[in-house]
């Protein structure tokens, strides 16, 4: 092994010499400001400096990036202003950018810097991505959760402190630290700048602004500069790598639990198997991304985001950071699958019963907030164009016929559970909507939530991606059926033990 | 990194020149028919064309394959007929083979092709594998499920639509789409050829035959040509790679859920740890497969399928596609672990109580359908020969002593759960066998099923492969014990709330 | 692909010639005794011989290892005695070492060997690691489990055989084989040497000593020579690789179940994502381990064990095999999170209620057995030094503020469940502590155990490492809340059906 490494090492030296000989410009320079940063930070936070040094940002200047033909560019700006274009993208280029727009800017060794680099900063070179992302449900993940009264109930019963005393359960609200650590860890926190504090550092005493609800890299984070989201949710600091974002492990950070088992389903799908089995032979870095050549099965990014082409350069799908561009249906997080919402912020969606849900409690979509059939068809066609990279039309249509069916059957099974919980409310065996109480905190109510939040979702994901057992025994149809039977019995047990409430 | 790639690229060119220089025939040619296919399909389904181009099929002709010494061959045919032998194995060689034997054959741009390439086609070059596979339980996974009346009950209560009305649960049957999407996704569907339909394609209007229950790559698929199974269940289209099939992620497609957690258990076993940790250094392609040199811990394939040799070429285990050749016990899918069935189609196995189970409800094996002790001993010895590649006899015997014990203890724990559900039936607290009703649809019955289908199985797999926690807290003994306690209480709750049915 | 391999092959030959030419000593020699072992064992257990040949042990002698500068050494001995130092570390060097100290030594083809190589043997070259490990909770994992009466109850109700008859559940004790296969598989068994038996081998009849509770590689194994632990728990036979031990899959062998979901949480953390995504580019073998250069996100080993340095050679954390050196809190396995125990053997810890728990049933720590605040602060600082490799102080402090909070909230939720189970005992709805009966075998009691053993733990791990959903829906706060609600209802169901016991 060490013999091999040695030869490889020699080869690299040789090739780099060749590179110089033929006059190839291999890298732009690091700016003076960034060099100053690195001077201290290679000692203070050496890991992220080294990490950045391995990044594309550390090797290529925006100007060089703009020399590529359009389809191969990583940056969407037509032009990058002034000096920024000429050096590589280092510490200073991001953390000192537009200081006046960042409430958290502070004096640091002669520079004015801000801690929270935001999408507004990234937009300097990547404006299309930032604009698209803002239309994304994820960009509003904070507002859509926190401002939805029904979800607020759910946050309280999940995160809040319960108290058992005198044979009774009572509920206390949750606290900001727990919420930041729980739901908002993925959804994003509201980051606010506080007072300056003095800290003892390796370089002596220094002042830093405090940040509340920090650290956080949630997808809908509210940044001090008023922007939303965090590009580093998926493009992790400080390599900000396209490779990592294209691998399925990135999405798995938030999309693996029973409420949204996308990653688990993918792992046992044919696509996921091929990805894991062939990972080391794939090229996750190429832009655009060539089906069959760079990869031979899709990852999350392939279907939902990437610019995918064939070997002739024919575009199968345009790159998008509005990840629902290829998604007609929204299949998780709500009682019933339904057409995608029109607006990213869903907190103002209300059904007839006054619940902030995009469907009635009986499943009918609240259409005025949702995309129409024409838009659904368009999105479906966009997705199918990706599938057609490898699959015949009959294969693709056959797949989506099953998908349409699973929406119908899982919605049916949610409806039955809804009828049972409604019966419990009617008889006063639990206190929920009719009583004007939290509808998602007693045991029978939590079973109702699991019917859709866990089992319905899992079944739909399994159909969507082909991870069979997640549609059967692994939180799939088996659990849908079993949960319903148990709810049915539970109602009787409650009846036998609990005097009806007036 | 790009420097390295450049040198590697040059090296490849150089080496290929060398290859020619020394007169090494590096690849056979692509047939004219296949070239015609590729002409269009590199535009229509570019991904699978490129995928195939990376396959061994695209590089080596059967005739070249036959030049290898026998133990190193990937093909088991002694002779491959006529022209087929001389070109690489492309689109035409499979999709145009024996057109008259394929009901689904249709005219396509001047060729007669069939969509569903079946094991009968693959048998042209791989007859031994196809023959062995046919004796496999997996080959009959469709029949053994669908034709077994007890399983039919389970399919209905899992996939069927439940209805809650007037305080009662009722059941509707399932539908073909849901079954294809659920159980049959792994077990295989019954694919039938329907009418020709006209479709608008990139090349103009064309006619294609419709296929029902399609797409599907289940292991026991009924193909239009009368053959069973789908080689691409494990050797995924269109690389049909031995490497992918040997990696554990392939088996995980169907063997990961709570009903058959083989993949999960393997992942936390010592073997699975070493495989994941060392994956990039292994050679998954060599035939035969040399223990210690090509790999240093077994994958699923190593123990159940592969030709395993040592560095002296000594054969530890012969290749087999009859995966129970090394398995005396069947440990999952049924209430009690039992000796393997003799025949692949198990749907005709009946016990004294009339249930289509290979054991009585009390656990005694229904011996006439099961292999005898001599056959069990033979299979055990075949498996132990694989173990002996790395382990001493005492280690191996110690391992299997625990395995014998876990069969005894998990069967005992199933028996207790069976006594409880039988008590429920006797008292009319649930309606099952004595009432001639579905024995697996009410809550207490589903808990009984989970006792063996989830918890007993998980515990046995954990012992078999050493993924400890799957035998304790992760659906193992802890759940066996807890489920039993809960069933015991549940019976009392039912008694308190449900008037006994006559 | 084959072209590339060919060139690489040529390159290796060429480079090795170069190696010889420049007089580089490439490897020490194999001892004569080891050569004799290999003579037979390359046929009898070829896999482990080949595996060892790929190890560092097979290539470097202790004397060569000692030539490295101290920080780069893999061995901690100042001096390795006599002949042992001069040859590579082969079969004989370990299996024949100090024969008289190993009760299991036996005559084998003219040599006196022992089967169970123990930490006492490894200490010849790695004394610091063995000494540190002995202070570890893991080293006493056998004693701390088996000698703790409360855990003994839990072992019995998990592993023991339950019996349902005449409407009653009764319990039988467990058996040694099941315990070895279950809890003790990770915790370690008590390995004892028995009689010599004669076995038929490929080399004729031979005598071997029998070993009870074997095979086992549990972390607290009691070895025949009186030592505890098994280095091969993490450094798997026969490569004993630092690379494998540093990968997270090794820890996952025992730390993945619902009782200790560290591995699952890590997999969905940012750190785990980067590790999986970048695995092939990391150098897991360097000693010391350079942050940013060798790896750009921590694995389990980075935070809990490894010598971590920056590119300037500055040490961020000293290597330790006492894995709680960086851990102030113990967050799993017990009802309440609490300061780490002082002694590795925790079986003698007793609270006021007579339970062998490090906290009272109400959560107050039993301080005299636990580390004090000063020691907690020291350990916290040691851990934070690792974090500071990549994170600013504010980031790190913000992280641990959430960690302090989750200890408080999960302990609160355990307390509520404890109040419910205590109520059940008080009313005689279950028989536990007040009745002097097994407190962890009835359904309501098992639900109490899951409140802390599964849900509290999972939530804390999620905060500690950032795998969000394990703190919410994946056995996290959602389950804490739901379990509590169900326990509350369960009490009422029990009351309605079970006549209070006197």
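Think of it as A, B and C in the order they're written, each chain with its own count starting at 1.
Heads up, the rule we're going with is that a contact is a pair of C-beta atoms (placed from the backbone, for glycine too) under 8 Å apart; a residue touches a chain by one contact, two chains touch by 3 or more.
The structure presented is a predicted model; accordingly, all values stated were derived computationally and were not measured.
Q: At the chain A/chain B interface, shared numbers over all numbers used: above half (same) or below half (different)?
A: different
Q: Rounded to the nearest 5 degrees, what is the angle of the rotation that puts chain A onto chain C, matching CA atoms?
A: 120
Q: From the C-alpha centre of chain A to that of chain B, how far is it in Å?
A: Going by mean C-alpha positions, chain A sits 33 Å from chain B.
Q: Considering chain A alone, which of its residues make contact with at least two other chains?
A: 280, 493, 496
Q: For the complex, give me every residue of chain B touching chain C.
A: Counting only chain B, the residues touching chain C are 8, 11-12, 14-16, 18-19, 26, 267-270, 272-274, 276-278, 280, 290-293, 296, 310-312, 314, 388-395, 398-399, 401-402, 405-406, 409, 412-413, 416-417, 419-420, 423, 463, 466-474, 476-478, 481-482, 484-486, 488-489, 492-493, 495-496.
Q: Applying the document's contact rule, which stretches of chain A touch chain C when the two form their complex?
A: Its residues touching chain C are 3-4, 6-7, 42-51, 53-54, 115, 157-165, 167, 169, 175, 177-178, 180-183, 185-186, 199, 201, 208, 210-211, 214-215, 217, 236, 239, 241, 243-244, 247, 249-250, 252-254, 256-259, 263, 279-280, 441-443, 446, 453-454, 490, 493-494, 496-498.
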